[in-house]
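Heads up, the next two complexes both have chain A, just with different partners, chain B and then chain C.
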Partner chain A sequence: MTDPIARADQLRASLPAGFRDQVVESLYEEAHRIAGRSVKTGENRRIDFDQRIDRLVTSPIFGLPLMLVLITGVFWLTIIGSNYPSQMLATSFFWLEDKLVAWSAAAGAPAWLTGFVWNGVYRGLAWVVAVMLPPMAIFFPMFTILEDLGYLPRVGYNMDWLFRKAGAHGKQSLTMAMGFGCNAAGVISTRIIDSPRERLIAILTNNFVPCNGRFPTLIMLATIFVAAQFPPAVASVAAAGSVVGVVLLGVLFTLVVSAVLSRTVLRGEASAFTLELPPYRRPSILRILYTSLIDRTIFVLGRAMLTAAPAGAVIWILGNIDWQGASLARHAANFLQPLGHAIGLDGVILLAYVIAIPANEIVVPTMLMVYLGTGMMSDVTGYDDIRRILVEENGWSLLTAVNLMLFSLLHNPCATTILTMWRETRSTRWTFIGALMPLAIAFAVTFTVATVVRLLL
Partner chain B sequence: MANPFLLWRRWRDARRRTAFEDVLKHVLTRTIEGREAGVDSVAGHLGFSQKRVLHLAVEMESAGLLRSEGARLALTPAGEKWATQVVRAHRLWETYLANEAHVPIEALHKPAEAAEHRLTPEQVDALDASLGYPRNDPHGDPIPTASGQIAALDARAVTSFPLGQAAEIAHLEDEPAALFRQIPEALRPGTVVRRVSSSPAEVTLSDGAREYRLTPLVAGNIQVVPAPEAKADPSLAPLSALALGEEAEVVAIGPGLRGFTRRRLLDLGLTPQARVSVHLDNAFGDPRAYRVRGATIALRREQAAHIFVRRHGVLASA
Partner chain C sequence: MTHNCDTCPAHAHLAQMGIRLGEGSRLVALAGNPNTGKSSVFNALTGLKQHVGNWPGKTVTRAEGGFAFQGQHYKLVDLPGTYSLLSASQDEEISRNFLLFGRPDCTIVVTDATALERNLNLVLQVLEITAKVVVCVNLMDEARRKGIEVDLRSLSRDLGVPAVPTVARTKEGLHDLVRTVAEVIDGTIATKPLRPGHPPDVEAAVGEVATLIEQRVPGIPNARWMAYRLLDGDSRIRQALESGELADLVAAQGTPAERRATLVSLQGRQ
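Take a look at the complex of A and B:
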């Protein structure tokens, strides 16, 4: 009896060289034969229709402007749509906080416990929900509609030449789009890139698109500082336009950093890629509501709340433990002040970023709570109050706002994203680079802007 | 791990294995080429001192791997088996890097030189199976099978192939690296070329699209076999050459597309006989969208240039 393995070796050697191709070919032939017998297509009109839309959305004249109009529209709707619900949520949450504080004081709880639970943990949670829920509940469904329509692959098609020039993979534009939802999700989505080199580039640069946790910050700053410079009629459009500007800047940084990486430490040629352009489909409302509200909004909000609760507690402790006549938060902010000033921000903002490392979502609430110290802030109910606190009481200028937008766009990824980077690369070195490179870029850019502006003014 | 003695022993064992395997591989390669291997050739090839080679030869002879016949070194059956396994590991690793990790062909040799001494036979078997038992590495060298068979390479230098006849590149000699780097990127195993002219100073090859001028020394490292009839057809065009709306039939996916990329394109339905048409142009040149089997797929020019089609004419709808 011959050894079956050796026999298999022998038989394998007698197969023609391209037999794998032939297997796929014959499968397709068979499928084609069956389909030809039993499937009737009335598809030609649909194909023409799809092709007409495709020619429009990828046309050299209309393609890119159309893309800009669409994302500006999405941000604009998010900004005008989320202002009032945010105010309403804040008002009712803080009204409830006052009641809860009063009740627990009446029930005989010690003052430190009441403060810790209600002014610390509860307030952190309330802020996160009030600031984040409305924009997310508007932004995510609209993003999902574009996704469902089949528009996102066309965006990838339009932008591919840029990524090819940068030595990056064509699918990086899709992982980038994913990063708008959540950078951690964006990092995971780089699994669709099969070349390790290009995948690493996509992971390291994913942070340069602002995630959903950072949009509220950008939107708030745009509303307070940019919109205020314009007449009310166009204010919200101007605010949306400036958010789009920041996003485009993020894309620019993605491309430049990708190009630098692929010409230095991660040298190599762009590899093969295929992108399917699916036919346009009517979005299914139920699925949009499910994926955008349950999968995304609730998931991101839940994660933010998980990190906001301890952050709220930390802020309360820092704000309420006094040492040498000032709270710990003040000391920390004063310590960070010189560094903050050098990059056009201040110590409190940097402190907020340190506390907010677990999740970017809580930067603005943290900042406000540190500014307000231990004082009750039941009167902060909307953008007007925030504006008053920042500009009149804490001396913010347009430079502060612009640099904060830049810093928010470029700074280090949140703890979840860093952890995800480690899980995806299994490399401490690349995780460190992924965390520190954006931070270094953020400091360099904001420092340059601050220095130039101060020299000119 | 923390025990320095154990670490040192592991390092020593690995170093010994590397030296053994390099000697075995050298003797095997010389034997296949029909040349003799000896202490001098080993020392010259590996950069070892004569003393070290002699020492190694004695050690390997007592291990039953080598036989010395005067100045000549030959492999025992056990030695040949081991040597074949090292060559197999080397070529499979190169194939893996080229097919799955898109490492450029000139960067394959070095990592494979390291990997061949590290991989266990089980890992090599698993690699072989996961790559689908490839027969040739990216340079065209035959990969030994698990039972140690090496297919003979029935190719000759392009310089001795008849002028003007279609020849398919079967193998590129990757050593010395300096000569290998001078072989144009378009000339890879599987590409069909014709020798247009030859002079003592220059050999001109054509792949149908372009002409390449090489020194005879570089051209001598390109080995070819007669091209199969289907591939010799000069009326074929690359998919990237089609105009918007033009329709064509796929004839073959070129050898430049390997591994993952090739499987992906086949899975998308770009198989021979499939009808394709250009669906969308791109103002920036790349990518373009093609319709194949009812789906729209965007490809960059680098890939589309490797898919060969027969032109049909312009569709009525475009």
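Take a look at the complex of A and C:
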């Protein structure tokens, strides 16, 4: 019996070249012919208007710059808008902490209990809310407006050629955009990519876009350190610019790592896909408020608080149990110090990252609590105070800030994301790679930067 | 034109059935591009009681529901939204396999009235696989708002299958849609799907390979379509033929009664 496959291969060779394209072409022609006969399009300004916007937004020349301007604007508004509310929140929370401590002492509670509950758990929560709530309450509504307008698919369209060059799927830019919200959500969203190879690439590299758990860290560092290097008039723009720079660096790492993966362990061609650009819609205010404030802000904040409470307790215990003349937190920080110093950070920062594995959101609060808990106790009410503590009391330099931004961008994903990776791939091996590869890259990059800077200075 | 559903004589017969499926219910597949309101059609027809799971072995969601019309039970299977049946994406493969081997009694292709040309590509590809098709031209309200007019008669005539205008969100036209589906299954409406011919040399090649495929996998439906895809270099069809997967799928389809039993057992495995 003749094999139909072999015979088909033979026959294909005898058919005219371009027969396959002809097939698709005739299909499109037929659809065009039928639609031409049965569809009458009246004069319509709205469609023309949409098309004109699309021509600009997805233009090969203006598309990408416009995108950069948009995200810079979003970050800039977030930065200038969140400083003052953060200060106010911190002032009131810590005023309340003092009162609460005084009250529970007056009520006869033992000192360890007062310390554990109010200086530990409560302070952890207060830090998280004060540092995170204002930037999120500003950033999320703006991001959701862009999403609701239908801008994200256009971003996908603009970035497609870059991903194709990296041997990855164009839709990866959409999963990347989801990652800005939450890397775990970004990993789940890779389901829109059909090819298992390209999907795995998207999962492994999603971590290189900073999620909103990490944005507050980046924004705070940019505000405190980068902005301080510039005259006040342009300080906030410079801070926004540096956050955009970090994001672009993240995209660069995404592309480079994707390219390396698709040329080594995950070899293959990028597959074609259809991307529909939906019509622009007028964003619905109520839905935007609901999505950005309830679904995103409250969700992220809630998750941060859930991990911050036990983290605050752990830090308090570590900071208040002395062993051989120093607190446990000091011992741990001292142990991590050589490694931290080598990559331009310090032991406390690394300790904060270890404690913050469940959720990246609490890195800065954890760090501050370790610094404060082990050093002198002082009231911290705003970015100026944070700056004073970090720079004057703990010897931070611009290198520390820059490397912390890099480390924050590149390091291992949080526990939730790692768990999601496992759920989506069902592979221990790829989950390990997904968790450890970014960590290795983070160490390599920060070590290189620290070494180069130290050699030059 | 106004519709008063309560006085409409057949209305009493259309009832959402959820997942309560009786014996001998008819199988209807729901295909369509993404963003055409396919889910709205599905929800409006089946109500809130649906069976939602995954397609066997896939991460793609599969929704099923039922409805009754004029005393007849219908089971509606929501296929993944796809732009074509040609490339090898998971979604397209699922839709394609279901149309080929699930052998629905009728397939509804939901289209977007405001972007009909693009949507027709999928319609034409579905017509190549099955003749029992009803085209649902949805989002008619948006089309009207945008000043787009669709001549449904001309569309039906060109495609050779009925086309029904609907606004799934407000349930406008859904009754006509269901009645048309019933009539296509009954044979009251005869369909003559548009299948553009190929140049003679391609036709000859398709015929020859189709015969070989039928010899290899006896009882295979749509051998011509498979032959055509094989000539086109479709790697999935090739693989399915090589690995015997195709033979398994054909064996699994069996008689209509067995076919439904298989579908149910597939559900059970999810």
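As a convention for this text, the second predicted complex is superposed on the first by the 409 of 457 C-alpha atoms of A that agree within 3 Å, B and C clash if a C-alpha of one lies under 4 Å from a C-alpha of the other, contacts with A are read in each partner's own complex, and residues count from 1 in each chain.
In the analysis below, a contact is a pair of C-beta atoms (placed from the backbone, for glycine too) under 8 Å apart; a residue touches a chain by one contact, two chains touch by 3 or more.
These figures come from a predicted structure and were not determined experimentally.
Using the touch definition from the top, say if A:W161 reaches chain B (first), chain C (second), both or neither.
A:W161 contacts chain B only, not chain C.
Counting only touches as set out at the top, which of chain B and chain C does A:I5 meet: first, second, both, neither?
both
Which partner does A:D384 reach: the first (chain B), the second (chain C), both, or neither?
In the superposed model, A:D384 contacts neither chain B nor chain C.
Quick one: is A:D295 in contact with chain B, with chain C, with both, or with neither? Answer first, second, both or neither.
neither
In the superposed arrangement, does A:Y28 touch chain B (first), chain C (second), both or neither?
Both: A:Y28 reaches chain B and chain C.
So, does A:E393 touch the first partner chain B, the second partner chain C, both, or neither?
A:E393 sits against neither chain B nor chain C.
Touching A:D322, do we find chain B (first), chain C (second), both, or neither?
neither
Quick check on the superposed pair: does A:F19 touch chain B, chain C, both, or neither? Answer first, second, both or neither.
It touches chain C, and chain B stays clear.
Touch test for A:R191: chain B only (first), chain C only (second), both, or neither?
In the superposed model, A:R191 contacts chain C only, not chain B.
Could you tell me which stretches of chain A are touched by chain B in one complex and by chain C in the other?
In the superposed arrangement, which is not itself an observed complex, chain A uses residues 3, 5, 12, 20, 24, 28, 32, 43-44, 47, 194-195, 271-274, 276, 278 for both chain B and chain C.
Hey, which residues of chain B end up touching chain A in the complex?
100-102, 104, 132-133, 135, 145-147, 149, 151, 253, 257, 260-262, 264-269, 271-274, 279-280, 282-287, 289, 291, 293-300, 302-303, 317
Spell out the residues on chain C that touch chain A in their complex, using ranges where they run on.
Result: residues 33-35, 59, 83-84, 86-91, 116-118, 120-121, 123-125, 146-152, 154-155, 158-159, 194, 196, 198-199, 201-202, 205, 208-209, 212-213, 215-216, 227, 230-233, 238, 241-242 of chain C touch chain A.
Show me the residue ranges of chain A that touch chain C in the complex, using the header's touch definition.
1-5, 7-8, 11-12, 14-16, 19-20, 23-24, 26-28, 30-32, 34-44, 46-47, 191, 194-195, 271-274, 276, 278
For chain A, which residues count as touching chain B in their complex?
It is residues 3, 5-6, 9, 12-13, 17, 20-21, 24-25, 28-29, 32, 43-44, 47-48, 50-51, 54-55, 58-60, 63, 153, 156-157, 160-161, 164, 170, 194-197, 268-279 of chain A that touch chain B.
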